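Here subunit A shows up in two complexes: once beside subunit B, once beside subunit C.
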Partner chain A sequence: MISGGLDFGVTMGAFSIETSRFLQAVVEGIALAGIYTLIAIGFVIIYKSTQVLSFAQPALLIMGAYMASYVSITLGFGFWVGIAVAVVLSGAVGYLTERAVLRPMVGKPVFAVAILTIGLDIAIRVVVGDLIGVSSRAIGTPTSEGFGAPSLPWGSTPVRIGDAGGLGGVVIQPRVFAIVFTAVVAVGLLLIFFNRSRWGLAMRGSSFDQEVALAQGVNVGRVASLAWIIGGSLAGVAGVLAATSFTGLSQSSFLIALKALPVVVVGGLDSIGGAIAGALIIGFSESFTSSYQSQYFPWLGDNFSQVVPYLVMVIVLIFRPYGISGTKDVERI
Partner chain B sequence: MRTTLLSEALPDAGWNGSGPLVEVDDIHLSFEGVKAIDGVSFEVSNHELFAIIGPNGAGKTSIFNCLSGVYRPQEGSIRFLGNSIISTKPWKIAAMGMARTFQNIELFPNMTVLDNLMLGRHSSLDYGFVSAMVRAGRAERSETQNRQIVEAIIQFLELEPVRKSYVAMLPYGIQKRVELGRALAMSPKLLLLDEPAAGMNTEETEDMARFIMDIKRELGIGMILVEHDMRVVMDLADTVLAMDFGKPITIGRPRDVQENEDVINAYLGRPHAVVETQPGGTA
Partner chain C sequence: MSHLSRFTSYKHDSAILPTTTQRVWFGILILTGALLPLYLVSLIDGRSWLILFATAFVAAIGAIGLNIITGFAGQVSLGQAFFIGVGAYTATALGSPAVLGPDGAVELIGFDLGMVIWLPAAGLVAALAGVIIAPIAFRLEGLYLALVTLGLVFVGAHVFRNWTALTGGVGKGREAAELSVLGYRFDLDSQILGFSITREQQIYWVMLVILIVMAVLAKNLVRSKDGRAFAAIRDRGVAAELMGVNQTKYKTLAFAISSFYAGITGALLFTVTGFIEPTSFNLLLSIAYIAMVVIGGLASIAGSIMGALFIILLPKLIDLLFLGDVIDAVIGWIPGLGSQTGDAPLTSAQIERILFGVLIVVFLIVEPLGLNGIWIRIRNYWKAFPFSY
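Moving on, here comes the complex of A and B:
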């Protein structure tokens, strides 16, 4: 990591305070959107492949983050081992969830199955919350050595752009690069998977019509397992990235996954492109509210930005009940 | 003009075993009191084109659904390639080599013609995710080979101009052809055709009949055809089973079935006799 930060102030010219503030909101919005994208795509893949609305994503997310913290810091294996274990284990829990809990529910009403995933979510979160404990945990950084790692993750070496003597300038934390990189790579891999591989094609087929996919020799049960493995792993990765913030991993870290709901409602339940668009819309509305609301609408109080995703969801539901890119016959509950 | 015969493009299609391809023995299927199939038996041998006719609701499509494993008959047995498939999962039956087309086109409309046909190769594609991404070794060979097969089918069905088109954009007659192509891509040993000429004009019907005849001649696979267009049935079928209300009326050569009094009466809605005890076998 670059020490002391990069100062582009001379070559790029200094940003005014207002420009800096605007660009800072963009950066924060992109960071949020990256995490939301990962969670929402998992949600969409599970929904498209199995017609299950998975409200268990928050549990998978916080479990992945806890596993990463446990392996990386508590056991001292370091960040990379931690994240690998988190991805594998949250994928495995996704798989088990599908096999043990949801497979027997095939053919039951969408609503009943969705409620079941809420129960599962609460159960897993209670257990993981207990393991996390009352104080927040760190997840480690790529450069830390495990034991004795700094409690504030990802160090303090942000990239600074347009800095003019400490007044203006945009600060980009290293975690923002990690989030954007991970989201772009994950989306890219999934696109290759869905367009090129045999099982990706099979998943696209079964998402349209399972009976017809069966007639082509597609093992639809395996498609469902695969969808939950992908959905679980993505939630786990998102959990790790979310826990790299300054607040670390706490019992309430799962709250970020709840915002996947506004994201998929805004973007439409059945498209990956829609999920990305929804993630950007929700991410930006949140970051811009948090930057500007205290100045223009102070009477809305502190932390109003936390409410904005749900507000946007309500507005979109009123004007476009099927989301920005959703198809109209999608079930709603 | 076509450069490859289907038999060269699809070397693993067809069956080399002995004995009947399909043996259906006295199957009964009912849904909450409604008898959909009531004591039907027949055999289809390799190379045979077996047609099932009957008025709407006679149970023709139900027989297809029993064969492909979507419905499980309460009584009776079904053997495919010599193995009982009465409790085999639909995707396994498909992977064994039973391909079907549907009465109402059931393609994947959000995919291209090429991808629809590639999905038909699902059970034949043989590589994992990682090798698919790097396109290395086995995946490369498998992909190339499957691409060649799919291209040969596209050529056979004269679908070249639309190979990269999304299926939803294509006219009905072409979609029917794409569905036949997807079934062929499965390298079938038995092909189930559910009303391939339904809703088509004369020219499209003739094209479809020609394709079916070519498939029969070049691949020599067994086929079961459900069809209302009697000219198609009479021209193509080796054996015809006539049904009404889930029961067989008669089974035999096309001419004999066409002239059978009971069959004519069934189509006209007059009272008629049905076969109560099945001889068990094709005529």
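Moving on, here comes the complex of A and C:
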């Protein structure tokens, strides 16, 4: 993960190779967890407001990332315009999805709605995949103004801590800071929104009981639209952040949104706090597997870390079926 | 329903083919299906048509399986690809000979047994896998089966890629089991009573016969006590439980049966092409089966067969109806897409996938009963013709 660029040369005592490796896994885990948090909160908000498990998040994510790349690199408007367009557009597609496709399905069986989002996902994903093409795309960086995309993502001036003559040391890419910052800000804004604003109250009310909310004058339809706008925008932001990695944006970038489904299950389908906890658990299991598995369990095969989220989900479902902080279902006939 | 008065007993009402008309139609359909190869073989691209139909019959078995868990029992499963993979590798491991490396070590597992063993075994092993996974997915109500099976597809794909002794590994793959019963090869041209029969015709007939058997069994299942229990769980789980339907038991049963059908599909699917590539069993394959079930019609056996025929024949349909050009015209204005802008136009495989998605959405909103529902409406219209109301 060591790239060219400035070495800040922060001397905080040299780390041994093993310590560096451990801390590096922690850093990668935090980066993954930040992205997972953003996607997972989208799932949770949509699920809480409309009782729909959206399998369309991967499509929204990859579409947002593609739009950012297209606007920032191909059209040359720069990173900030790109990310703004990504957020607005994926939110807009989320809104259109809800209005055009999901509104007619209100009251239909849950499994039919879930299948519908799967259909939507594959249709959008194939189109965006073709737009991306076979080679991966860059997403631009805040430091590049307009045209002239830098060859390395995100400016690449990593912070290095505890380097001992190039042997050890932890490298923290600027993208990690950006991911953590975005995740914290997004969660903070959402919490303020849910707890302080009228619309937040309406959303909490209608997720608690739709009919009672309706009777109190809440426009439940608009709440559903708003949930999809938030869910779509969060997926778009997550897509942009995921694409800032060295691999850039490729046709298979959508897989990260599918790995966020185990995050939601681990955290509990209906809790934002749970989603964050789930994201940390899945993020760390994935990053630690990816740095240690090839040494200790090589027989598990290459890229085993990619299936770890699903295995963690299965373990959690066996021992804590409602997730870490999901509420138990109580059903009436 | 207008034919209520025609049924005089419950047994009659729940019969597989209750009326003479239906029996006659069923007979005509089977006869047409059986005689079609005699015509198809005379076409220039007859071989490819025969192979496509045979593939569609095999896919229909898997679609029926998925419909049992999703359409009848109301549990979304994304795991069909995994169970097809389990069936395929069980069949090929049992049915093909072991391959030894240059140093005499076993490179590919194989037992060289007959089709009478590997075909049912493929179904049973897949069903067993289903029974093992079911308790995790069915601890909770809701969409947990979809989530668990989603994970299953990725974990399965990882195992298939890495277990090279079984699958041959990515890019290498291995040969599928041999389609033969008691030494008679279905996958070779042959002579029966002086008539020459091509390999493709034989494969077609074998697959047709297996499909008919599996379809009748499924039809029989869904009209039985178990089938009614599935429907009760789908319509209202808690209410079903209160009426004495053990949810976990029946969901597990439905999932096991569904996996059995997928296993049979997996075992047969690759005998047509003769080769299995370990990367075939991905999420896309599962979605193709979901498309079959939704387009054909949820909770309908006949619909599953129609859906499978539709999806497998879709590439031919795209060619015949110039759907590629239509889609190109519709989304060609997006910069970077479509041949008008001079960028990479969509390949036919991509158009197929887009259609999977769009058709799933359109059918669920406009015609939730699928092709089967359209057929029923046409039938009822002509039944009462000219009084269409």
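By definition in this document, the second predicted complex is superposed on the first by the 316 of 333 C-alpha atoms of A that agree within 3 Å, B and C clash if a C-alpha of one lies under 4 Å from a C-alpha of the other, contacts with A are read in each partner's own complex, and residues count from 1 in each chain.
Keep in mind that, in the parts below, contacts are C-beta pairs under 8 Å (C-beta built on N, C-alpha and C of every residue); 3 or more make two chains touch, one makes a residue touch a chain.
Model, not experiment: these values are computed from the prediction.
Q: Could you tell me whether subunit B and subunit C fit or clash when both sit on subunit A in the superposition?
A: After superposition on subunit A, subunit B vs subunit C: fit, no clash.
Q: Looking at A:Gly119 after the superposition, I want to know if it touches subunit B, subunit C, both of them or none. Which is it: first, second, both, neither?
A: A:Gly119: touches subunit C, not subunit B.
Q: Nearest 10 degrees is fine: what angle do the Cα centroids of subunit B and subunit C make about that of subunit A?
A: Apex at subunit A; the opening toward subunit B and subunit C is 90 degrees.
Q: With both complexes superposed on chain A, which partner does A:Gly205 reach: first (subunit B), second (subunit C), both or neither?
A: Once the two structures are laid over each other on A, A:Gly205 reaches subunit B alone.
Q: Which of the two partners, first being subunit B and second being subunit C, lies in contact with A:Ile192: first, second, both, or neither?
A: Touch partner of A:Ile192: subunit B, not subunit C.
Q: Between subunit B (first) and subunit C (second), which, if any, makes contact with A:Val265: first, second, both or neither?
A: Touch status of A:Val265: second partner only.
Q: Now for A:Tyr292: first (subunit B), second (subunit C), both, or neither, which partner does it touch?
A: The answer is neither, since A:Tyr292 touches no partner chain.
Q: Contacts for A:Met105 in the overlay, against subunit B (first) and subunit C (second): which applies, first, second, both or neither?
A: second
Q: Spot which of subunit B and subunit C makes contact with more residues of subunit A, would you?
A: C
Q: In the superposed arrangement, does A:Gly217 touch subunit B (first), subunit C (second), both or neither?
A: In the superposition, A:Gly217 touches subunit B alone.
Q: Contact-wise, after the overlay, does A:Val127 reach subunit B, subunit C, both or neither (first, second, both, neither)?
A: A:Val127 contacts subunit C only, not subunit B.
Q: Subunit B to subunit C: minimum CA distance in the overlay, Å?
A: Scanning every C-alpha pair, the shortest subunit B to subunit C distance is 17 Å.
Q: Using the touch definition up top, name the residues of subunit A that touch subunit C in the complex.
A: That would be residues 53, 55, 70, 101, 104-105, 108-112, 114-116, 118-124, 126-127, 129-131, 133, 258, 261-262, 265, 300-304, 306-307, 309-311, 313-314, 317-318, 321-322, 329, 331-333 of subunit A.
Q: Please output the residues of subunit A touching subunit B within their complex, sorted ascending.
A: Residue list for subunit A touching subunit B: 189, 192-193, 196-202, 204-205, 208-209, 211-220.
Q: Contact residues on subunit B for subunit A in the complex?
A: Touch list, subunit B to subunit A: 68-70, 89-92, 94-95, 99-100, 102, 106-111, 115, 118-120, 122-123, 125, 127-129, 132-133, 182, 186.
Q: Taking the complex as given, what residues does subunit C use to touch subunit A?
A: Within the complex, subunit C touches subunit A at residues 70, 74-76, 78, 136-137, 139-144, 146-148, 150-152, 154-155, 158, 161-162, 234, 236-239, 242, 283-284, 287, 290-291, 294, 298, 331, 334, 336-337, 344, 346, 350, 353-354, 356-361, 364-365, 368.
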